[in-house]
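Okay, got some structures for you below.
You will see chain A twice below: alongside chain B first, and alongside chain C after that.
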Partner chain A sequence: MATTTATVSITSADLTPGMALGISADTTLYQTGTTTGLELVDVGAGRLTQASGADSLQEALGTADTSNWIYICNNSTDVEQYMKIGIHDTVIGNLGSGEWLWMPWNMGTADNEINIEAEASGTIPYEYAIFKSTFTLPAKT
Partner chain B sequence: MATINATLTLGSGDLLTSNLAFSVASTLSKAGSATGLSKTTGLARTNFTNDPIQSKTLYRSDDALTNGANKIYLKNLSTTVTEYFTIFIDQEEMGRLYAGDFAFFPWTATGGTKETFITTIANTWAAGDTWTFDGITTVAANSTVANIAAQINAQYYPNWTTAISGAAVTFTARHSMDAGTVVTATADGLTVTAGDGDAVISSSALGIATESDIMIVPSVVTTMDLEHMLLHE
Partner chain C sequence: MATTKAQITIQSDITTNPITIIKEMTMHKFQSNVGLEETTGLRTKKFAAETAVVIVEQDEFTNDKASKVYIRNTGTSKENFFYVAKHASAAASDTAAVTLGKLYGGDWMLIPYLADVNITVAPSTTDAMTLEFMVFQE
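And now, the complex of A and B:
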């Protein structure tokens, strides 16, 4: 089994008066409800344009109710270029330039695909990593 | 404005042949600008102990700016590997946070519409007359309708906020939610008057549920704790 760790740090000296914010959390990525490490990963990078509309970053081809993790980073340096991130028809949020997300993903049904969309003109470079408990390759067409 | 830095580090020495090791840092800014986010609910810890299991609305879309650069941090504080929280955005399941897992993601906070109506104090009222709504009873201090409306406006209602114009009080629901198909009507208030005073409700408009409230469901009925924070515009 593999050992993969994720660590987050969120800090601010001036967000709340008299109390500096200093969150630090780390976790090891395990297969669903166990202490066996996740072993499936896709790592990649791409470029989005507004003209392409919403694109599926990953189809939900794994097993329902399992542990899976998504990392996405908007690598644009233009503050007006943001990515809209969604699961099927539900918009999760907007990822601004230089921002990243780290979230669990339940591939519960085939309609749980992760989709991304550029929301400004130009090209938005992005990178991603998806850690999965299970995954089935798409069928040959 | 505040300066908030968020850094994610992912690493593994044995997942791939080549070491996986990267770190990404960002400074959290308002949408479309370089001005830092400056609002937060603060870091909080919420306990879930319910039998049967019950979901909780962790953050309502009304709490943050729609399409703002809002961010949510969550961490499951459980140490039992099989215990997890399921995260929902509206009715869409995002995924599970098992023991020790954390998440940090943007949130559009797509809002709905808050139900509203106007009640107008009219005709002949007397000191001691009452009007009851949302469990709150206002006792008229005198017979002047504008004064009675001011008294109604000054009350605290559990589910509504108010604004006043003359003898008319506008009620607005505290939260956007789908209240069904029946608007608030005059009969929903109880008027007790010695004369012919009334409090007719008009201009009622139904609410529409939000589309992105953050809902959390624990996996067990025994105690589980969730650490969380909303950073928002």
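And now, the complex of A and C:
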């Protein structure tokens, strides 16, 4: 069984004056409702341009009750360049240069693709990792 | 200007060549190198019903900026979970398009937040569960 862990540390000495912020958390990723690790992963990198509009980074399988996780990082160093991240028609937020996100991904409906869109001119380099629980690969088209 | 940093470390042996991702970010204002200066503070909320509850109200924050939301299920159960959805009030489900995903015991998430719609959670059980969450806002 594979083991995947995700750890976060959030710190600030001056966001809340007089009280330093220190949050740390870690989790092991399991298939839904079990202690069996996730078995599928897609890792990649790409470059986005504004002209391309919103693109699907990963299609949802429409498989209900699965556990899936997404990491996306905007590797641009230009503060003007940000990425809009969404699940189908739900925009999650703006991912600024140098910023990353980590979140679970509901694949319960086949419409729930992960989409990304570059904003501001130029090319935005990005990287991603998607961890999935299902053993079922998409059917051949 | 405040400086708030967040570092993620992902390690996995799903592939024969182990995956290690380590990335640190500084939380900045939208299209800026100025750090985020406001926060809700870390909140903790206990749940003992399956009723959907709004934990982040969009109208408390400026829309279309660079806010961030951290959410963690502080429990240990790998059977019970919270649905997390971007929706004003609806209960979440596996087949709802607005459902982002599920947080089982120990699971956490850190996402950018557009502040255009509320963030709603719905426990999967009436057993007691606790969430901690924090908004870093512009």
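One rule holds in what follows: the second predicted complex is superposed on the first by the 133 of 141 C-alpha atoms of A that agree within 3 Å, B and C clash if a C-alpha of one lies under 4 Å from a C-alpha of the other, contacts with A are read in each partner's own complex, and residues count from 1 in each chain.
Throughout what follows, contacts are C-beta pairs under 8 Å (C-beta built on N, C-alpha and C of every residue); 3 or more make two chains touch, one makes a residue touch a chain.
Nothing here was measured: the structure is a model prediction, and the numbers come from that model.
Student: Does chain B (first) or chain C (second) touch A:A54, or do both, or does neither?
Tutor: The answer is neither, since A:A54 touches no partner chain.
Student: After overlaying the two complexes on chain A, where does the chain B footprint on chain A coincide with the chain C footprint?
Tutor: Overlap of chain B and chain C footprints on chain A: residues 2-16, 21, 23, 25, 27-28, 30, 32-35, 37-39, 41, 43, 65, 67-68, 71, 73, 79-80, 82, 85, 87-96, 98-106, 108, 112, 129.
Student: Mind pulling up the chain C residues that touch chain A in the complex?
Tutor: The touching residues are 2-15, 19, 21, 23, 25-28, 30-33, 36-37, 39, 41-42, 64-68, 70, 72, 78-79, 84, 86, 93-104, 106-114, 116-117, 134, 136.
Student: Using the touch rule from the top, collect the residues of chain B that touch chain A in their complex.
Tutor: Per the stated touch rule, the residues are 2-16, 20, 24, 26-29, 31-34, 38, 40, 42-43, 67, 69-71, 73, 75, 81-82, 84, 86-87, 89-98, 100-108, 110, 211-212, 229, 231.
Student: If you look only at chain A, which of its residues touch chain B in the complex?
Tutor: Within the complex, chain A contacts chain B at residues 2-16, 21, 23, 25, 27-28, 30, 32-35, 37-39, 41, 43, 65, 67-68, 71, 73, 79-80, 82, 84-85, 87-96, 98-106, 108, 112, 129.
Student: Going by the contact rule set out above, which residues of chain A touch chain C in the complex?
Tutor: 2-16, 21, 23, 25-28, 30, 32-35, 37-41, 43, 64-65, 67-69, 71, 73, 79-80, 82, 85, 87-96, 98-106, 108-109, 111-112, 120, 129, 131
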